[in-house]
Each structure stands twice: as C-alpha cells, then as structure tokens.
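By letter and in written order, the chains are A, B, C and D; residue numbering begins at 1 in each of them.
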Amino acid sequence: MAYKDEKLHEEKVFKDPVHRYVHVRDRVIWDLVGTPEFQRLRRVKQLGTSYLTFHGAEHSRFNHSLGVYEIVRRIIDNFQNREHWNHEERLLCLTAALLHDLGHGPFSHSFEKVFKLDHEYFTRAIILGDTYVHAILQRVAPDFPQKVADVINKTYENKLVVSLISSQIDADRMDYLQRDAYFTGVSYGHFDMERILRVMRPMEDQVVVKESGMHAVEDYIMSRYQMYWQVYFHPVTRSAEVILTKVLHRAKQLYEEGYTFKCAPVHFETFFKGEPDLQAYLKLDEAITLYYFQMWQEEEDPILSDLCWRFVNRKLFKYVEFNPNTQMNEWMELYKLFQKAGMDPDYYLVVDSSSDLPYDFYRPGEEGERLPIHLLLPNKELQELSRKSEIVEAISGKKRTDHKLYFPKDLIERLSKRSKTKKRILEILYG
Amino acid sequence: MAYKDEKLHEEKVFKDPVHRYVHVRDRVIWDLVGTPEFQRLRRVKQLGTSYLTFHGAEHSRFNHSLGVYEIVRRIIDNFQNREHWNHEERLLCLTAALLHDLGHGPFSHSFEKVFKLDHEYFTRAIILGDTYVHAILQRVAPDFPQKVADVINKTYENKLVVSLISSQIDADRMDYLQRDAYFTGVSYGHFDMERILRVMRPMEDQVVVKESGMHAVEDYIMSRYQMYWQVYFHPVTRSAEVILTKVLHRAKQLYEEGYTFKCAPVHFETFFKGEPDLQAYLKLDEAITLYYFQMWQEEEDPILSDLCWRFVNRKLFKYVEFNPNTQMNEWMELYKLFQKAGMDPDYYLVVDSSSDLPYDFYRPGEEGERLPIHLLLPNKELQELSRKSEIVEAISGKKRTDHKLYFPKDLIERLSKRSKTKKRILEILYG
Amino acid sequence: MAYKDEKLHEEKVFKDPVHRYVHVRDRVIWDLVGTPEFQRLRRVKQLGTSYLTFHGAEHSRFNHSLGVYEIVRRIIDNFQNREHWNHEERLLCLTAALLHDLGHGPFSHSFEKVFKLDHEYFTRAIILGDTYVHAILQRVAPDFPQKVADVINKTYENKLVVSLISSQIDADRMDYLQRDAYFTGVSYGHFDMERILRVMRPMEDQVVVKESGMHAVEDYIMSRYQMYWQVYFHPVTRSAEVILTKVLHRAKQLYEEGYTFKCAPVHFETFFKGEPDLQAYLKLDEAITLYYFQMWQEEEDPILSDLCWRFVNRKLFKYVEFNPNTQMNEWMELYKLFQKAGMDPDYYLVVDSSSDLPYDFYRPGEEGERLPIHLLLPNKELQELSRKSEIVEAISGKKRTDHKLYFPKDLIERLSKRSKTKKRILEILYG
Amino acid sequence: MAYKDEKLHEEKVFKDPVHRYVHVRDRVIWDLVGTPEFQRLRRVKQLGTSYLTFHGAEHSRFNHSLGVYEIVRRIIDNFQNREHWNHEERLLCLTAALLHDLGHGPFSHSFEKVFKLDHEYFTRAIILGDTYVHAILQRVAPDFPQKVADVINKTYENKLVVSLISSQIDADRMDYLQRDAYFTGVSYGHFDMERILRVMRPMEDQVVVKESGMHAVEDYIMSRYQMYWQVYFHPVTRSAEVILTKVLHRAKQLYEEGYTFKCAPVHFETFFKGEPDLQAYLKLDEAITLYYFQMWQEEEDPILSDLCWRFVNRKLFKYVEFNPNTQMNEWMELYKLFQKAGMDPDYYLVVDSSSDLPYDFYRPGEEGERLPIHLLLPNKELQELSRKSEIVEAISGKKRTDHKLYFPKDLIERLSKRSKTKKRILEILYG
C-alpha cells in the first residue's frame, strides 16, 4: 500500500483534556508526531509568559497542535460525500493542521520582535528543509512538502483547504480559545464547537456556516473578545513580555559592544547577528532560554543581571495607564528623572500598547490574511456574518488600543526617602 | 500590627482551574509566594515525565502547592469555633500546606533514586537555611520556621495540624488527585471534595470524617486507586523514567571515570560527589536539566548521547510483562545476547517494578507515615474506614506489583536480518 | 430564642445540580420550604412549555426558588461587615428571595394572558392571606409578611434589599440563566457567577459591581441575550404556547356559551368568571391542568378536543415568518381561505410576536421595574454599565421583534388534493 | 424507497444535556418519537418519587428513552464493518432501544407492586397491540413488531442484539446512571462512556469489552454501586414510596368495601379489579395520578385523605433502622401501641427493605436476565470481569440488605403529653 494511504494497525489515541481524545489512524500523521521537530513543540509554551499571570497556563504548543489536527479531522469527517469537498485533500489538510505552528520558537512574540524573525518563515523552512519532517512528507509524494507549506502560507490554490486552517473561524482558533480557557481556568472561551462543526459546509473557496448556527458563531466571537481582553492582553503578562524583550535587547547590545559574558550566549549568536540558520533555530527552545536567563543573573552587567533576575523570580514591573497622545510631557519628564535616579529609562520605563499585539477578534475585510465568516442562507446565498448579527456588527472593526507604562516600582521605592526625584516620579505616576 | 496578623489591603486571588480561585488574605502567605524559592517550583513539573504519556500533564508543583494551601484554607474556615480547633494554629497550617513540597527537585523520583536524595530533607533545609523563605518565616516568630518544618516533618506535637497535610485523606492528596486528573484529562480523579470538606471534623490528634460522608470518602479512595493504575504507574511514563535514570547514572559514571565532557556537568558536580549543598540544589531545576540533556546529545560517549537523544525526542523503550520469579533464566540469556549485540544491558535492558513506587492508595496501619481514615459515628466513637466500608476493605492492604522489562526495540530491529542474536532476542521477548 | 433568630441544630443541605448545595441554617427558611404553598411549586414548571422543545427542561419553580435563595445567601455572606449593609435585613432578603415566585400558576405566561391574572398579585395574596406561609412569617414579626411582600413588590423602602431580587443583575436572573441552561443542555447561559458575587458591593440604594468585574458582567449580559433568542423565544415553544392559549380561550368560550362539558371545568370556573380566589388559584397546578386537557380530548366540541389532543401529544402548529406591516393582505386572504376550508382561523391561524414576551436582556432606563447595572469605579463614582462597555452599549435598547404565523400544516395537507383552497394556502405560506 | 430505509431529508437533533445531542436520521425513529404512546413518557418521571429527595430529579422517561437510543446508535456506528456484526439488525436495535421502557406507568415501582403489574408486559402490549407505535413498526415489515418485542423480552435469537439493551453494561444502564447523576446533581455516576464505547466489540452472542478498557468498566461498576446507595435506595425516597403504596392500597380497599368516593377513581377501576386493559393503562399517567391524590385530600376517609395530603405536600414518614431478625418483639409491641393510639399500623407502621428493590449493581451468574460482563483478552479469549478485576470481585455478589421502619413522627408527637403510649412508642423507636 502507498505510504500516503497506510493506516495504523489499530487506531491510536491521545488523551486530551479539551477534546477528550485525539484520534490518529494515518501512518503519516503518527510518524510526524514522532519527529524531533514536532516533539520540540513540547518545549515551547502555547501562551508564552501568560503562566506568570495564570499559573495553569503551562501548556505547550505540542498540545495545541494536536488539538488543531483533531478539529480538522472532525470537520473533514463531516464533509465526506458533500459537494465541493475533494477527499483527495484529506491528508493534506490533516498534515497542515498538525504542522501549522511548527516554526514557533521560544516566547515567540518577544523573540520575533527583537530579532525580526517570522515563525511562519521557519515553519516553511522546517517543512522544506533537511529535517525528519521533510523526509516523511517527501515519502508521501515529491510535491507534498511544498503543498503543505503552501497551505500554511495561505497560497495553496484550493482556498477551501486554506480556510480550514486560516480564517476567522478556523480550527486553529477554535482550539486555542478552548484550550487556553481550559488551562488558565477562566470561564470565558467556551462555545458550542460541536454545533459549529455540524453546521460547517464546504464551498468552492471557503468553509461557510449554515445560518441556523449563527448564534453559536456569535458565542464563539464573544469568547474571542473576552479571551483577548481577559487573557491575551492581560497587563501582567505584558509586563513579563516587556522584561523578556529587554533581556534580549540588553544581551544583544552587550554582545555587539564586545562585552565578555561569564556564560557566553552560544545559542544566541546567529540571532544576534541577524542570521539564525535552521539548526540554530531548532536548538533554541524555552528550556535553553531559561538556562541562559538563570545563568545571566550572575553577569556583571547590572541591567542584564537585574532583568534576568526579575524574569526568573517573577519580580515584574508595575504599570499605570498611559495615553501617548496627551501625556508625552509627563513621559519626557519621567525619562529624565529615571536617568537622574540611575535607572536607564531605555530598560526601565517602557510604554507597551496592546495594539502591537495580534488584535483580531473580528475584523471582516480589514485583515488581509484571514477570511471573514460567511453564513449560508437557506436560499443558498452567502452573507458576511456582521451583516446579519447585530452583536458582531457592534464589536467588529472597532480597534481598541490600550497603552500602559511599565516601570520597576520596587527600585523607585528604594530611592532615598528625602529624594525629590523619587517624590516627583511617584507624583507623576500615581497623581 | 504584628506581621503574623497583617492582612492584605484587599484579598488577592489566583485563578485556578481546579479550585476556581485561590484566595490569599494574609501578608505572610503573599510574601512567601513571591520568594525565589517558591517561584522555582514553576520549573519543576508536578508529574515528572508523565507529560510524555499524557500531553496535558505539563503543570508544575507551583500549581499544586497553591492548591494544597487553598484546600487547607477551606478546611480551617469550616473548623472555626469547633471544639479541638485552636485558631492560633491557623497561619502555621496555611504555611505548612503552601511549603510542603518546597524541596522537590527536577524529576524528583529519578533524581532521588540515583543520587540518594530526599526532598523532605531539602524542604527542611530551605525552611531553616539562609533563604528568602526563612527570612519571612522568621519575621512571624523566631520559632516559626522550626514549627513549619516540624509540621511537614510530621513531628509537630499537635497531630491534628499534621494530619491536615499528611494523612490518608489530607489536602495534599485531595489536591493532586483532582489536579492531575484535570491536566491529564482522564475521567478518574473526581470526587465530591466539597462534601468531604463539610463532614471533616477536628479531633484531638487528627481530622476525622463524619460517617454520613462515608460514600464520598469511598469515592475518593476509588479515585486514588484508578489514578495510581491509570496515570501514576503508566508503563510509558515509567519507560521515560527508566531512560532518565540511566542518563543520570551514565553521566555520573563518566564523571567518576574522568571522561572529558564537551559540555561539563557543572550543575551536577556536587550531586555526583554525593554532597549537593542547598544553593546547588536550588539551582538545578528542570530547565537546567533539559539544557544538559540537549547538549549531551552531542557527547562522544555513545550511550550518554543516545539516551539523551531518546529522552529529548521521546524515543522511549518498549516493554513486555516480566515476572522475576519465573523468568530469571530468560533474563540471563537476554543479558548475554544484549552484550553480544553491542547493547550494554546495564543501560538497555531494565526491569522496573511498580512496587518501587510509592504505592499507597490505602493501607491502614501498614504505612508508618500516614494516618488511616477514621469515621466519626453518631455516637461520637471513631471507626477505621475499612472496617465500615466493604469496598475499601476489599482493596486495602493488597499489594499489587507489576514488573516490566524495558528495552530499545528500534535498536534490536536494526540488527542484521540474518543475525541469530536478533532472532533469539525477539523470540524471548515476544514469544 | 426568638423564632427569627432560631438556627437549625445542624445545617441542612439540598443537593442542587446548579449550585452544588443549597445551605439552610435558619429555622424560618426551613419551615417555609415545608409549607404546602411552597411545595406546590414542584407542580409548576420553570419554563412552561419549553420542555416540548428542549426535553431536559422539565424542572420546576421549586428548583429555581431554592436557587435564588442560595444566591442571595451567598451575596449576603460577602456583605457582612461592609458599609451600607444592615445585617438586620438578612432574614428579610432570604425570605423574599425564596418566596419571590410563590404566586406563579401553571403555564403562567398563557394563563396570565388569557385570564388577565398577575402572578405578583397572587404572590402577595399568599404572603398576606390565610396560608401556612403567612402563619410562619407572622411568627417572625407582625409586620414581617408585609415587609416581604413589599420587597417582592419593589416598594420596600430599602432599595438595596429590593435590588438583590429585582434588578438587571439580581439573584433571580443569575439563577434562572444558569439553571435553564443546565436543564436544557444549551451551551449558553454560563458566566462566572463566583466572580460577580465577589465584586458586588452594597451601596445606599442598590447593589453595584466593581469595575474590575465588568467583563464578567458583560459575559452575563451576553448569556442573557443568547438565552432569550435560543431558548426563551424559541418558535417551537411559542407554538405550544399558542395552542395552550387557544385551549383556554376555547374552554372559556364554551363555558360562557353554556356548552355541556363531559368533564366539567370545575377547577377553572372562577377563572372563567374572572374572579379566581386564592384557594382556587392554589389548587390549579400543572398536574390538574393536564388532567383536564387529557379528558377534554374526548369532548364533542371538535376545536377543544383537537387542540387538547395537539397539546397532550405534541402535535404542534408549524410556522412561517410573518411581517404584519407588509403582509396584512396575505393574512386577510388566509383568514378567508381558512374559513372556507373549515378551519376556524381564530383558533388555527395565529400571529405571535416575541415582543409580547418579557424582552429585557438589557435596557437601562427604559424599563421601570428593573434597576440598570452600575459599575463602581476606583474613584468611588458610579457609572451605568452601557456607558463603559462597548458590547453592552451595542446591544442594549435595541428592540428586536420577531413575528411568526402559526397554523396546523397537517390539517392543510389533509385537504383534498384538487382543492384550490389548499393550493392557494400553501402558495401564500411557502411561496 | 422502502420505509425501513427512508432517511430524513436532513438529520434532526435533540439537544440533550447528557449526550449533548441525540441524532436522528431514520424516518422510522422520527415517526416513533412522534406517537402519542411515546410522548406519554413525558408524563412519567424517570425516578418516580426521588424528586422529593433530590429536587433536580424531575426528568421523565422520555428523556431517558432518547438517551438509550443515542447510546445504541453510537455503539452501532463503531460496529460497522466488524466481524459478528450484521448491519441488517441496525434498525431493530435502534427501535428496541427507543421503545424499551414504553410500558412504564406512573410511579412504576409502587404501582407494579400494589396492582401486580409488569411494565414489560405492557411494553409488549403497546408494541403488538392496536397503537400508533404498532402501525409504524408494521410498516417496516409484518414481523417487525414481534422482533422488537422479542429483543426487549430478551428472547430474540440474536443474543448480541439483546445484550445491547439488556446486559450488565448495556445502553440502558449507561444512560440512566449518567442521566440520574446529572439531574440529581450528585457527583457519582460519572464514568468514561466514550472510552467504553470505543473498546466494545461485537461477538457471536454478546457485546464484550477489550481488556484495555477494564479500568473504565470498573469505574462504571463503582458508579453503579454509589448510585444505588446514594440515590436509588435513599431512605427519604423510600419513605415517599411507602406513602404512595399505602395510598393505592387504601383506595383499593375502600373501593372493594363499597366506599362512596367524592371523586370516583374512574381511571383506577380496572386496576382495582386486577384487569387493566391497554387503553386504561395508557391513560393513567402521573398527571392523572396526582389529580386524584390532590382530590382525595378531601375524602371523608381519614386514612386516604391523610396519606394523600402527605404525598402532595411532602409530609413524609420518618424512619429508624430496623432488624427484622432481632426486633420482631419490638415490632409486635409497636403494632399494638399504634392500634391503641388510633394510628392504623397497616398504614402507619411500615417495614421497608432495600432488598425488595432491584439490587443489581453487579452479580455475575446470579441474575437470570442480565448477562455478565466479559473482557476480551489480547489472545482473543473471554474472561468474566470479576475474575480479572479485584475491585469488582470484592463487591460483586454481596447482597446488602437494609431494613428501615417508617412511621409518622408528627402524629406520634401530637399525642397527649401525658400519654404512656406515646412515651413507650418513642422509647422503642429512639431508645
């Protein structure tokens, strides 16, 4: 039997807290799960620094990747024998679902920002490069790796396939909303996925949802909205991100300045140089990163060691609301006061805006990458969700930005009691 | 106000997926959570290698410690104004609950076995030594650190306090059963804790349970039974433990033999020498351990690098049932065959018995450390649980041992097709 | 000890699927639950005819009343020792919560419409009249029955007390949303009540919610929105209501016309006459109502017997969308066609509008009876919810009406195949 | 297309709180659900008088019947293409599952005992008699009604089919354990049905369970054990059964004695005479029964009116433990004291034994009707569960009987304070 059609002797299952079981019957899927590149996702947390806010959020991208695979598997099961659905695309869909996050590195968001990386680039690199994953995909068919990469890259010709993984209501989001809600323990993030899967229908170039399922979709959109504001943009998580980012910045700066590290940043070198190759990228997971952060607590550079100490021991920055449009003067004054007090403001006075984050709870049309949600009306016409749903219309497209100013309150408090600088800093920050 | 009575300005909460919220009102508790020693528990997994079997089981001991604290807090709330309960012990109970696992190191079970460590020793050392935790406890009262250590050590004079943390139905177990069930996603591990908390009553030297709550306690005992066999003794988890243990053994052996490591085992040295001090112990968490394992994949020693590769990439050993009483001859033969085939049997042919593990789902009397469960009858007399409950009687005290033989099936299969050794090995293993 | 302060020897609990346990410690509450008038609520379904749509929705008002009591009990527990909270009002709050629905009769909505009844009138009548409930309340204090009636009537002077039972976020709604979701099995209706209870604060004349709990409140409002459209206004439930209403109309009409019933409507007589007294009202529960409906299936009057048969055996009317503004001509034509076909249109052609139903998912200001939700800002000022929450603002105040036309499709289909009337009726209905 | 193969244009779903959705695709099933005989099950509670103990337990047999159907549907879906499974039996299985409880009357247990009825007899009568259900089954095939009756009667030749509905681990029990746990709100009754369904395998004459699923089956057996003792045999529920039984006895006795009822027991006449025909049986549901009980509160006979008042208003009997082997003398004395005090002991002094109830949590071999559970070993042999499972072995076959003595404590307390009879009665009962 061709490798692509090979079935396991007996179906394998993973016990999954969110979907109860993840079922695998295809040899190809089973083999992919076993590769070092996929197993590496166990060492990358799904929610980055969120575990410092929600202690339950210690789950990895390995978890999530299996979940996305399982949802696509269930969707496809329902598609069997329906018009527009080409059963030949099945394995491609499953594979792309499983591998869609393969290129994520440690604490992706911060790493990508500081080192100007792109996890999607590395996902492709792993799929197309000299890897265990590639070897398996190659065995399916010579053009299979490229196809998988195209689906994840959203350039695959059959847009229906793409939309399973990347649209406003794709398997990716349906998994992470539920999974992140489960592990953080928040009461948002629940919606009736079983219902949504039942009303999904394949169309020529996208998956659509029967109108009778509109309320379930509304519930999903609302979950997303709540998860963004309650979990993903949580200011304490962002405080940890700020520190993480500053650690990376500092280490890079020191490296460029020729600073002699006690613990040399071997794994980081190609990153600092702006040209990490695939092998270097694959080696740098969160365990390795934490190793350096723990070691660097003992570096001579006071900023690097302090920031690492903060991250490792969760001594985060505090924050206040900050409006960059009206408070630039205050910011300027603070900047100088921080300098005066010996706290380098480039590292210790940070404005962070939620709008920098991937804010997309629902914006039809605005966002190039993700297809909007279409309802399938009884008369077989399609209608974009926000035109039918009052609630979705009400919240969609509204860009809500939230700026905060982060700083080390403990250091400020340690300034001399009689210090005018201290007094003035506190005055500006807390009024 | 005395530090020990100080309350937070406003109650703090942690969102917890198992208990919904963990509530903190005492300044002392809040300060302890913030110490580096306690934050370190975030880098030690609650279930060691179980995440390689149940992918959801990535939760840390930090999680669990907060949970035990919360359960004790709720029990004590119910005890208020009851006879036998001394409200003065409140803070001691909460503190001991929070800190009871403080001394756990990375992958405790294997580390303790290989290096002959005792996490309870280190718990005491952290509480009594020169640490942030100690400084806080000291502020409560000069003898407070010792009291906390005594409670955890089960030598504290008030046995009622001890029994909250260490008995057959203590807060420790009630938390871990539920938490481990939640994160693995198994359907066992659920019982009606709310009911049990309501029927718990303080007595002179222990916590007892009103007879009307017997069925809830039976359910708890059954959960434990199922969790032991379904989760804690899972043969795949034990396979990962076997490999982990062998990595540590090998590294130690090489170190003793004067082998030159490419990546020197700096963090392990005092362990190899059998005399880890507190600081070395605190530094060696699971991120650090994983760093070495990843680095050691590239060591020259083929056994160390192979075993590390297996652990990091989850290429575990396979297993068959093995009865040491009747199968010693087979084992002897296998031992020689493995030698012949170039697979060092000391590392690649391992018998593992579940009875080595802390098997204690319920053995009244047999186990020195943990008090059995007593029911409080309507006539105010006490009765040991297994005398009243048929189910518990039926399963208690029965020691069920389960032996398995672990080996690298992949290496065996890679032996030459015509090899008689290979043929004979497979014959013995699979019949 | 005064009766009002009397505690049960040991706390009693009811196992409750929604709140896990309902706790009763006050003798007064326990005695009230035991009265025939309160036990009668077991024979009145919480959701009327909804069980014909959602088969799980068979729960009674007894269930819900205990739930509302329990929520108020929890809120008050949190209020202890807070400013604005007068502990003397405790028993009054609990009693009013328990009894707030005492006057509900069978299938309230339809009965009230047909017989122009008002369940709140009967609630007061039971509390103030010659009943077991009254005797108990009287024992508390001579003016206690009147106080309880005033709270339920929203005329009690302490508006804070009123707002616990009757506001936009009162215990009544928090219970029924969760309870109805639980029993119907829909995935809406969930919100983080525990969080909301924690952020509720007593103020001079209302309960308010700390701003930090805004997202939990948003979730609650969204649950309400979804429950209204998915459950409470479900067109199949409304179809059953339509038939129920028409049964009552027909029986009343026949009674007025002097028709001789095989099974005389003894229990209904005072209702038909427009003057049901308290005793007659208390006797007429849903079991009695169903008795008559079953018996009346065998009446000679073809309309009464057909409608009763439909209700008992769930042969409901079908429906189509109907716009009274633009489709009056069609309706006129249908009316005549129905007459021609021998189907009395007053009973078999019914327009039902959801706006007739108590549509109130959130309308600040618009609705006299229910106080809007106020957020308590950090600066201690209050702000009406929809001014702060985009989502709530988006959906509040929008009155969405939904009209449907109900008719017996089975009867239409049974008309002769060649009948032009039949053809035309189907044409108008289905286009 | 043949009626038996007819599919609905679009699959229909029922929202079910236990199984989330019940799916119907077969026209036959849909038509059966719509029959008056099946709809009648909405008016028969699943757990009889248990709602007087667990207020949530108001669910009907309609609920449960759909649930059993759904479980069988899922089992069969997994059986497709397996050896031993004959797809031709599919519709028969589904139909038998749906209809297996069709003959249950109001408060079955008490009615059957008093009137010596057998609900299985009536199930057959409905299936084979002149009913809507029969007409539909007849359309499938002339011998189909008899086949369905045979399956429910356990006489059908293909025992595999029978075992789906009637064995120690059939769909019936799997549904009711979960459903009754859900509606009562108890924390027992949960087990991993999804896992059990996955490991079920069809064999020649029974469904068996793969050995790897043994622990899930153990959990199911334990759930059963707990549900029996915590819910089904609850002494308060049995108190309500006692009163119900005595009402029926009294009414029958009065009828036989020629007593003139104010409200004549029209619906009961054929029952009193010992020869209820099918039509009479179908008419007597729980609404009708409650109608009579409410009316009979006003009968002149003091026993009938008192007992009815007790049932309607939940003024139940109290109870004490009673050992018939050692306490017959006390019982004899009480009997006489009750007579002396004017409380007819035949109605007011009742011994009730749990062993009268269908106690069957697991007894292999002992019980003729239900097949024991067999495990399918890897070597394809079968082994009876209790031979493999220590826990099941421990609890199986042990018959635990529990006797209680029920009496009206309120009446006893109302006896004159100085009455020696009263004093002695209380002495015997409470020691």
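The definition used in the following text is that a residue touches a chain if its C-beta (ideal position, glycine included) is under 8 Å from a C-beta of that chain, and two chains touch if they have at least 3 such contacts.
Just so we're clear, the structure is a prediction, and the values are computed from it rather than from any experiment.
Centre to centre, using CA atoms, which chain is the farthest one from subunit C?
The chain lying farthest from subunit C is B.
For A-B, find its twin among C-D, A-D or B-C: the pair where over half of the contact pairs carry the same residue numbers.
C-D
Between A-D and B-D, which chain pair is linked by the larger number of C-beta contacts?
Per the contact counts, B-D leads.
How far is the middle of subunit C from the middle of subunit D, if each middle is the mean of its Cα atoms, in Å?
Distance between chain centres: 31 Å.
For subunit A and subunit D, let me know how many angstrom lie between their CA-based centres, rounded off.
52
Based only on mean CA positions, could you tell me how far subunit B sits from subunit D in angstrom?
45
Residue numbers in subunit A touching 2 or more other chains?
Correct list: 20, 186.
Name, in rising order, each residue of subunit A that touches subunit B in their complex.
So the residues of subunit A in touch with subunit B come to 14-18, 20, 34, 36, 39, 42-43, 51, 54-56, 58-60, 62-63, 66, 182-186, 283, 285-288, 290-291, 294, 312-315.
Mind listing the subunit A positions that touch subunit C in their complex?
Answer in residue numbers: 186-188, 190-192, 195, 215-216, 218-219, 222, 225-226, 229-230, 390-391, 393-395, 398, 400.
How about subunit C: which of its residues touch subunit B in the complex?
Checking each residue of subunit C against subunit B gives 13, 20-21, 194, 198.
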